[in-house]
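Structures given as structure tokens follow.
In what comes next, chain A is part of two complexes: it sits with chain B in the first one and with chain C in the second one.
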Partner chain A sequence: MTMYVLAAVLFGVGLYGLLVKRHLLKKVLGLLILEHAVNLFLVEVGYVDGGSPPIRLAGETAAAFAGGAVDPLPQALVLTSIVIGLGLAMLMVALSLRIYERYGSLDADRMSELKG
Partner chain B sequence: MLQLIPLFVLIPLGAAFACLLVKRRVPAMAPMLSLVGVLALLALAVTGSVQGAAGASIAGGWSLESQGTTSFLPGIALVFDGLSAVFLLLVAVVSTAVLVFGFRYMETYEGRPLYYALLNLLIAGMNGAVLAGDLFNLYVFVEIASIASYALVAFGTGGREVEAAFKYLILGAVASASILLGIGLIYAATGLLNMADVGTAVAAGGIPETTLLAATALFLAGLGLKAAMMPFHAWLPDAHPSAPAPISAMLSGLLIKTLGIYALVRILYLVIGMDGALGGSLQTLLLVLGCLSMVGGVLLALGQTDLKRLLAYSSISQMGFVLVALGTNTWLGVAAAIFHAMNHALFKGALFLSAGSLERIAGTRDISKMGGIARIAPATTIGAVGASLSIAGVPPFNGFWSKLLILIALFTAGMHVVGAIAAATAVLTLVTFVKVQQRVLFGALPERLKGAHDVPASMSLPVIALAVLCLIGGLLWPLGLDDWVGGAASAVRTDGPTNEAPAEYRRMVHSEGRQP
Partner chain C sequence: MDFVLYGLTGFVILGSIAALEMKSLLSAVIAVGVVGLGLSIVFLLLGAPDIAITQVVVEVIVVTVLIRAASRVPAETAPLRTGRTRTLAGAGLALVAVGLLVAAFQTLPAFGTQRFAPALWYLEQATELTGAANVVTAILLDFRAYDTLGEATVILTAVVGALAVLRRPSRRKEKSHV
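Take a look at the complex of A and B:
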């Protein structure tokens, strides 16, 4: 339960950083926190109290495996989601660099060519 | 045909990598490779649509024995049905026109092989999203297409482009996070990801109502952002006009439909169920958001002087039509929504491409500084006028039929107020485009533009081809096209004349995937 609360708090923090903060790098950090909040939630969904790593040993029956191990599927999802998040973060940093070259500032309020 | 389904994703993905491989040595190969790729996609999509074959292709997967029964867990399921077929064909047609247009248009840009690589990646993501059989793969393909589109919006690397891309990326990232969180909630409650299975579980009441409500809200917010529904539209009027013209056409013509509308139809109708516990409130929500987008979009479009911005706002308005049609929750409404999304891809693709041509001819996107271009650029004018007549809903163009159908669907469902709003919006759209045509194409030619000349044929022909398709779509509608689109609607609604039923979707994923 604590983990779910933590994920929810991190989600809020990430959203706040991404949408409210003016500094572009703080926005990048917000994005990373947001993504990992969701990842944390996914891992927690698959967690079984006292569960073993989801590796099926030779000779272990399917029922015994399913009873003892944590759910492997969310872990696979999180791996994929981390890779996607990395791509997003890289692109965001690259765009921030371009913006810095252009305006000499990382302050979102100085970006003025688009209004409305 | 069924064994060929993965090719819809593999061909553009392969082309994207090939474009990067030839980047240094033979950059001129990139456009040719892409052309071969999209033509192959076009051939595949036409074959699939003509055959009408429906089925699933499953990569990976494993069987699990527990308590004496063997169950098959599909790996990556790609499902090809009537609804997917419509969108796949649409992606192939518009991509081909966009690619050919871009050959000459993109000559002024640096790093063209990268443009072709990203364009192919965008196509791969959209095709994958349309074929994905489970929620998580839908999310992955949506992300592939989105990331390619963020980079493409920034392709010009000017201040305006990068700024628009940044804004688009931030909102897109929030949308993706909410979609993934929604998927997580669904998985937590049901232990399932396959869309058909989740749909069955939800219909059987196997998921607590609060969880379902939260997941639905997250999906609606996420997909609403991708589809640029009115309260979530802020990124679109910056992002779509900032991209190079061929990309604007891809984004406005295809991306908001494959990632937004298609995914909404699949998730709302198949997973959450419009006839289920949440159906009534979802209907109201779709109607309200749809009306807001329709009216707000067209009013904002009327006030624009930047041609591409005007087209972008008009896209929001046209998506509103699709949303209210989906809000009727009838077979006719869904068919009308699919047909309008299809037509919008054709005419808005043509309009954005012709806006690119007009920008090249006049050297500006400001409507008030253009005029009389019909005299110096007849080929561009033909394409632009055809597409404008279609979006304005002039018979016999396809836009007329789909708007008529949406109105009929609304009035037969007893939604007279929404119907009246939609009719008023259709009139305002007509006014907007008559105004644009008069200012830009007809009237007096400014002194400054006396020496200007038309764009090359490779740029005007794709626009004319799309406009001709709009006309053909309109003429064929009463002669058989209605059956094809109706078949697509039957993939998610059971109250139509032919009953393929959503259950069919479930059968395909399971029985055809159960191979040794």
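Take a look at the complex of A and C:
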């Protein structure tokens, strides 16, 4: 349970950054932390105590391997999620830089005042 | 083992708070790097070496890009500090979210006690069906290959989008405008 709570706290920290910070790059950092928290939680759900990585060793029987390995399915999906997170971060940084070039500011609060 | 995990995750949480509260943008970006790399060790301890490796690679790229972005904007372009009411309201909302999450987690089986049924099927059958010793890659590249194709499409779209956003307008066009 403690590990789940720690993932929830990490989620809370990311959410705090996203809500409170005015600097756009800080908001990006908050969203990255939020992503990390969700990935961590999904990997935790697939974990079993004393579990080995889901990689079968040479000469290991299928039954022995299935008995001791952790859940591979969340891992495969988190792998996808991490890589998509990279694309998302790139796009957000590019947009922030463009906004800075256009408005001369990265302040999210002023962004709503500056139109056109 | 448990305490190592708790310690590392606590370290990751401290790093993320530091990343958000640092006065210097560059230090904040480096603190986010600490978060990602600490998390990759946690993934390794949770039996996920594939994710740990990917996390390291992705974190290095993200930190490099963010450092480049942080060094391109002057430090005082936007306030890094926020007002007291807003900070308290945001922290309160985040606390409520954490409370709701923890309440929802009570319905899950306790950490590390059981796996879901599909896990056993994949672990028993994947090696025979696909010939891959690593079940995670068997899922990524065989059972859910279309998912991975979609992932590649998303990455391509993000790169094209970033290029389109960052592209400088050509000179000829500017002249024709004037």
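The definition used in the following text is that the second predicted complex is superposed on the first by the 112 of 116 C-alpha atoms of A that agree within 3 Å, B and C clash if a C-alpha of one lies under 4 Å from a C-alpha of the other, contacts with A are read in each partner's own complex, and residues count from 1 in each chain.
Here is the rule we go by: contacts are C-beta pairs under 8 Å (C-beta built on N, C-alpha and C of every residue); 3 or more make two chains touch, one makes a residue touch a chain.
Quick caveat: nothing in here was measured; it's all calculated off a predicted structure.
After overlaying the two complexes on the shared chain, residue contacts for A:11 are found with chain B and with chain C alike. Residue contacts after overlaying the shared chain place A:102 against chain B, while chain C stays out of touching range.
When the shared chain is aligned, no partner comes close enough to touch A:64: not chain B, not chain C.
Of the two partner chains placed by the overlay, only chain B lies in contact with A:38; chain C stays clear of it. Set against each other, chain B and chain C touch different numbers of residues in chain A, with C touching more. When the shared chain is aligned, chain C comes close enough to touch A:79, but chain B does not.
When the two complexes are overlaid on their common chain A, residue A:24 makes contact with chain B and with chain C alike.
Once the two complexes are overlaid on chain A, the chain A residues touched by chain B in the first and by chain C in the second are 11, 14-15, 19, 24, 45, 62-63, 66, 71, 73, 77, 80, 84, 87-88, 91, 95-96, 98. In the complex of the two chains, the chain C residues touching chain A come out as 2, 5-6, 9-10, 12-13, 16-17, 19-20, 25, 28-29, 32, 35-36, 39, 42-43, 46-51, 54-55, 58, 61-62, 65-66, 69-70, 72-73, 77-80, 82, 86-87, 89-91, 93-95, 97-98, 101-102, 105, 108, 110-116, 118-120, 122-124, 126-128, 133-136, 138-140, 144, 147-148, 151, 154-155, 157-159, 161-162, 165-166.
The residues of chain A lying in touch with chain B in their complex are 11, 14-15, 18-19, 24, 27, 31, 34-35, 37-38, 41-42, 45, 62-63, 66, 71, 73-74, 77, 80-81, 84, 87-88, 91-92, 95-96, 98-99, 102-103, 111, 113-114, 116. Across the interface of their complex, chain C is touched by residues 1-17, 19-26, 28-30, 32-33, 36, 39-40, 43-49, 51-58, 62-63, 65-66, 69-73, 75-80, 82-91, 93-98, 100, 104-108, 110 of chain A.
The part of chain B that touches chain A in the complex is made up of residues 64-67, 136, 140, 143, 147, 150-151, 154, 157-160, 162-167, 169-170, 173-174, 176-177, 180-181, 183-184, 187-188, 191, 193, 237-238, 242.
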